[in-house]
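The following blocks contain the structures, represented as structure tokens.
Each of the next two complexes has chain A plus one other chain: chain B in the first, chain C in the second.
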Partner chain A sequence: MSSFVCNFPFITILASLFSGAASSVIPGKWARRWNKLLLVIIAILSFVTMRYSWKLGTYYTYSMGHFPAPWGNEIRVGVLETFMAMFFSLLMLLCLMGGEAEREREIEESKQNLYYVLADLLISSLLSLIYTNDIFTAYVFVEINTLAACGLIMIRQYGRTMEAATRYLIMNLLGSGLFLLGICFLYDITGHLLMSNMRAVVDEIVKQGTYTVPLIISLGLMVVGLAIKTALYPFHAWVPDAYGYSTLSSSALLSALVSKGYVFLLIKIIMRVIGFDFVSKTSVSNVLFIYGLIGMMMGSINAIRQKDIRRMLAYSSVAQMGYIYMGLDLGTEVGIVAAIFHIISHMATKAMLFVAAGGLAAASGDHKEFAYLRGAAYRNKMAGLAFLSGALSMIGLPLFSGFISKLLFAQASMDQGYKMFFALAAIAISTILNTIYFMKAVMIIYTPIYSEEKNRIGGRIIYVKDQAMKVCVFAAFIAIDLVLGLFSEPIVSLLTIGIQMFG
Partner chain B sequence: MSRHLKNEEYEKTFSGKFRQWLNGESDPFLGKVEQKSQKEQRESRKQARKRRQEHETLLTEAYNLPKSRTFKLFGKAYGLASVLFAMVLIVVLVMAVSYLPTFGEADKPINNEVSERYIEKGLEETGAVNIVTGMILDYRAFDTLGESHVLFLATIAVLVLLRVDDDSPGHEILMEQAADRFHEPKNDIILQTAAKFLVPIIFIFGIYVILCGHLGPGGGFSGGAIIGAGLILYLTAFGFNKTERFFTAKTQKIMSVSALGCYSLCKSYSFYTGANHIESIIPLGIPGTILSSGLILILNICVGVVVSATMYTFYVMFRKGNF
Partner chain C sequence: MDIMHLAGNYAEAVSMILFGIGFTNLLLQKNLIRKIIGLNFMDTSIYLFLALKGYIYGRKAPVVVDGVKSMEAYINPIPSGLVLTGIVVSVSVTAVMLSLTIRLYRKYHTLNMDEITTIINRGEE
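Then we have the complex of A and B:
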């Protein structure tokens, strides 16, 4: 504990909590500026911490208060955590900037600053979920995450968003409840809330064979709770409305950040609390694997049936969540790395697709249905380009990040017996399904409309010349996707080292 | 009737008034308490038909009820399946409990060094006689920091959902309906007199609970809830006009933000010094006195302010939609 850099994670968490509170008393315009500044600062500080941790070669713990770890709270910082923190804050900045015009139109003037309160508290909860080494702190910030996400959905006051928010709240509270129940069971058999100490006791339990039943049940409860919150396939009922009708930046934030925060917590529980070896031996892992595979198929099949571009993207998120769960439960560390790479790649790509879909809809008189979107890419060129590259990345074309994550999944599934066969088959089929719906969307937006047809779609043809900021956002999104696709080698090695520090 | 006083004078005394009220000659509340009788709800035949039509459209358009037998079947199967699932979950969880360590046993895993230090050294290290307060506001203060932000966030979410603004559609109708209790009596003497007695006592009791959180049972969360209840009682008795003389939306915001800011600031100091092994300059004081246990007193006050503001805002928002 020598360098001042060690304090940065704690500073980012406290600063975002404080900005959340302060944003409620300042006007919306200033709240927006403050929020941007905050996100940039978090990204920079996280980057500096990442370099420090990289040089240190190991993780370090930071006690929150005067009392050492099992008595007080503690956060734990390594390469992976800081990298995720940096990526989350950057992506949040891009999502918020990308949906700014829509947000200012759809949300009432006096509620503008409340949006940034929610956003600030959301990033604080994501940072805490990333850094915390205490499972109860994780639960507290899961609550903040859920409430903030619910507010982000319903801040656009419109019938469908109200229904979506109600569904979201009910399903997510069920998830939180199960997660809390799992924590209670685990606390009763281990007597600790600190993750590292829990792990020591869990290893003892596994060795001695006492309390194995409650251990598996608590693992099951926590996993199912988080699976509901991340919209794994059978629990995805809240997704399409929540992602499809809320304001643009909210959809992007929900699909790109909120669900990924929970996945990261799940990875933390698997790697740090229960132990990867034990989890991959239990049936919980196999069940999740099967649901992951079903999710990959059913999410894509449902996406093909959609007539609305935002709902299509929402179902596509369900399918991509299936990939992540498949990677987590392959039973190899490479699978975990693949899952984390897919988290990153999906975060960047899906946020880009949502923002681009918003741009295309703006060029079609605010209609999100495919019937109105014909030729939209010619009317809003930059959004069309972003949607195209996002779609190609999702399908898994080389050059883009999606290809790398699929390659990593395929590599991870090697030597895994029957799981290899299922995983490879699922990746192949799901790639075809992805191609069907993404290429359909791309073909529709790149089909020109002839003048005699204009009347058929209601004569609503609007040419959008985006503001410089939105163009920059799209360019940044495409650049991130290409960097992840072209220079994946250092990132994958960083993630591998991060995972080794993480466990 | 009185033997000593004349009839006119007797009517002005307390017992005279009481006798008049008893005989049903006068009503002291008449003219002082505004009351609005509720009208019986009547709808014309046209309105009734419209309502029925809307209901049917909902069933046919949204749920496609008459055509889809699958929907009906699904509804029944869903109910059955959910009951079955709940039963299975109950059985599994109850069975899991039977595998857990026996309740109250001495060598349970939870009786380890963690709780031992809380109990044995809690008073010495935090200066709080109430060990629970010492735990939540000193040992595990980061969790409580998150928890108070959860409350704040709940206020924000309710504001997002329910706030009626001057420029929102249908604002005037909403405000008129919500302006005050429409059918309830205004200036209810019984309620006002009771509130006059109770509100100060409730406030003082709430403040006591907050301030003595580190000495005995209580603390910010419970004390804040008591003060919030007092505010709500005052509002119910005296209406918005009187309450807004000292408590408006602005007051609530400033209170919450300054309390949360103060909490964050105090805890930042203690986290920073703790993690960097710097000696904290805050004295713990003599355990048992009111000014003791370092930052806990300040934190309790902050939490209490946030909780009371949250409770009051919830009430106002659900009743009126705006301050």
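Then we have the complex of A and C:
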């Protein structure tokens, strides 16, 4: 128990927090190098912790300042948490490397290091959201996450990003207000702040049947708050601007990591704080299920209408968020596993798509509109390949990770009565809609162009040797996608064991 | 019966009404400054709620003076701690919101969010 490995999760959180502070006073180049090293260190330490927890066969808690359970603050570490921490840090590394050229160009020289302050704070808050066992700490880091994400949007300073950042901040503040109110209600009912202690009292309350209404209200407030922050369908208005106009690596980070951190917190609340059995019996779960389904449709329909590749990807994220909420509220633990698999699959795929879209735009005179992207895949072959494989994964072609997550969702929906019918129908329709807009995009970028159109678009050919780092990033993304698609069985069993430890 | 409950907990009811006012203002006002005021209303109402939950009638703030160390003499200190943490969070969030507002005002000479969106969509970068 008292192995040194136990300290690693806390060390990773603290190291990223202090790196954020230190990056504000060192030059941008060194901040960038340190950030890369930090993310690699976090990934390695998380992997070591995961192996330790796997061998231990159970989770362990780590109390801050050696105050015992009901009073002190603690973090709780299991297989699932460490796996997510590893995946988050690796993905963040790839996103930052993939958008490096655009970032250096679009952000002022004097503000380069500030980007890494925000990135370090972001990974620190994500790690805390993953590991923490204290609900108020979770709230504080939700806010840090929001502020860091807002900074990532507005660091590329022109009108659109400032407006997008303001809208993003307003919507997220509404979300965190509701979340905080939900926490306060729950604290009022249970008298605890640690999630495991809360759970004991919640079980008692559910058994006695008193205070059920306040419990449902507090659950509803927390869920709606996090749903606003994760851009579930009716709350998605801020998404297209925030993802569409910020610098490339910010878009990738926002869609791949930031929203997933909140979803992970939501899963934690459902599984650990309130209890899965109670949640799946309440109407909150049904409401979320319905909005998840509507989100899957509306996100895709809106994506079809977009003329800008980045905005199309943003709406596609809204649709994928719908999938995740559908999985969470199917009422089976298999559904939760499917949702988590979709989280990691979507993280890898959407980050790849954003970086690839950036590469395609760079080969078309920095235009993101489809009218200019014609033939872009021939001008930047590697980005075209990455976009193609990302699109195929999103559609759900076998070989790629998207197929496995759709398969898992379909399996999870079996024997769920009316929910099965709706879930299967929604998956089928949404697959068709996905195919429409992703294939449209792929066909446009693979349409050869001739001389007169070449003059209009005015793009340039980008060779592999001009973008060595991006090519490595694309290769890594495609490899991750294929590994998730081809060797899904060990990963799914790891997630299943992780979820059992998690609850 | 329910009305009696509500009357007995009138302070909590007030804090929820304030939360509603703040939330609606943050969501629906077009003027950015009014939005920020709404945000502060919303946060403060939650602190009121927390402070009420920690208060025990007839007891003192949890600061040890005159050597009184009995637990019975003081109110629950945890909600006060949470309020302090919450205030720190809300101050920093408000600061970021205000700085964004200043930047938008300098660029577009208006505080109306809808007007700003219209200007941006007209393409006057």
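Everything below uses one rule, namely that the second predicted complex is superposed on the first by the 491 of 503 C-alpha atoms of A that agree within 3 Å, B and C clash if a C-alpha of one lies under 4 Å from a C-alpha of the other, contacts with A are read in each partner's own complex, and residues count from 1 in each chain.
In the analysis below, a contact is a pair of C-beta atoms (placed from the backbone, for glycine too) under 8 Å apart; a residue touches a chain by one contact, two chains touch by 3 or more.
Nothing here was measured: the structure is a model prediction, and the numbers come from that model.
Trainee: Based on the superposed arrangement, let me know which partner A:Leu174 touches: chain B (first), chain C (second), both, or neither?
Mentor: A:Leu174 sits against chain C, while chain B stays out of touch.
Trainee: Could you say whether A:Gly20 touches chain B, chain C, both of them, or neither, answering first, second, both or neither?
Mentor: Touch partner of A:Gly20: chain B, not chain C.
Trainee: Report for A:Met154: first if it touches chain B alone, second if chain C alone, otherwise both or neither.
Mentor: Both chain B and chain C are touched by A:Met154.
Trainee: Contact-wise, after the overlay, does A:Leu288 reach chain B, chain C, both or neither (first, second, both, neither)?
Mentor: Neither chain B nor chain C is touched by A:Leu288.
Trainee: Of the two partner chains, chain B (first) and chain C (second), which one does A:Asp188 touch, if any: first, second, both, or neither?
Mentor: both
Trainee: Does chain B (first) or chain C (second) touch A:Glu143, or do both, or does neither?
Mentor: both
Trainee: A:Glu163 contacts which: chain B (first), chain C (second), both, neither?
Mentor: A:Glu163 contacts chain C only, not chain B.
Trainee: Which chain A residues contact chain B in one complex and chain C in the other?
Mentor: Residues 136, 140, 143, 147, 150, 154, 181, 187-188 of chain A touch both chain B and chain C.
Trainee: Quick one: which bits of chain A touch chain C in the complex? Just the residue numbers, please.
Mentor: Its residues touching chain C are 136, 139-140, 143, 146-147, 150, 154, 157-160, 162-163, 165-167, 169-170, 173-174, 177-178, 180-181, 184, 187-188, 193.
Trainee: Using the touch definition from the top, list the residues of chain B that touch chain A in their complex.
Mentor: 92-93, 96, 99-101, 108-115, 117-118, 125, 138-143, 145-147, 149-150, 152-154, 156-157, 159-161, 163, 165, 167-168, 253-254, 256-257, 260-261, 264, 267-268, 270-277, 280
Trainee: Taking the complex as given, what residues does chain C use to touch chain A?
Mentor: Per the touch definition, chain C meets chain A at residues 19, 22-23, 26-27, 32, 35, 39, 42-43, 46, 49-50, 53, 78-79, 82, 85-86, 89, 92-93, 96-97, 100-101, 103-104, 107-108, 113, 116-117, 119-120, 125.
Trainee: Quick one: which bits of chain A touch chain B in the complex? Just the residue numbers, please.
Mentor: It comes out as residues 1, 6-7, 10, 14, 17-18, 20-22, 24-25, 62-67, 70-73, 108-111, 114, 117-118, 121, 124-125, 128, 134, 136-137, 140-141, 143-144, 147-148, 150-151, 154-155, 181, 185, 187-192, 201, 211, 213-214, 217.
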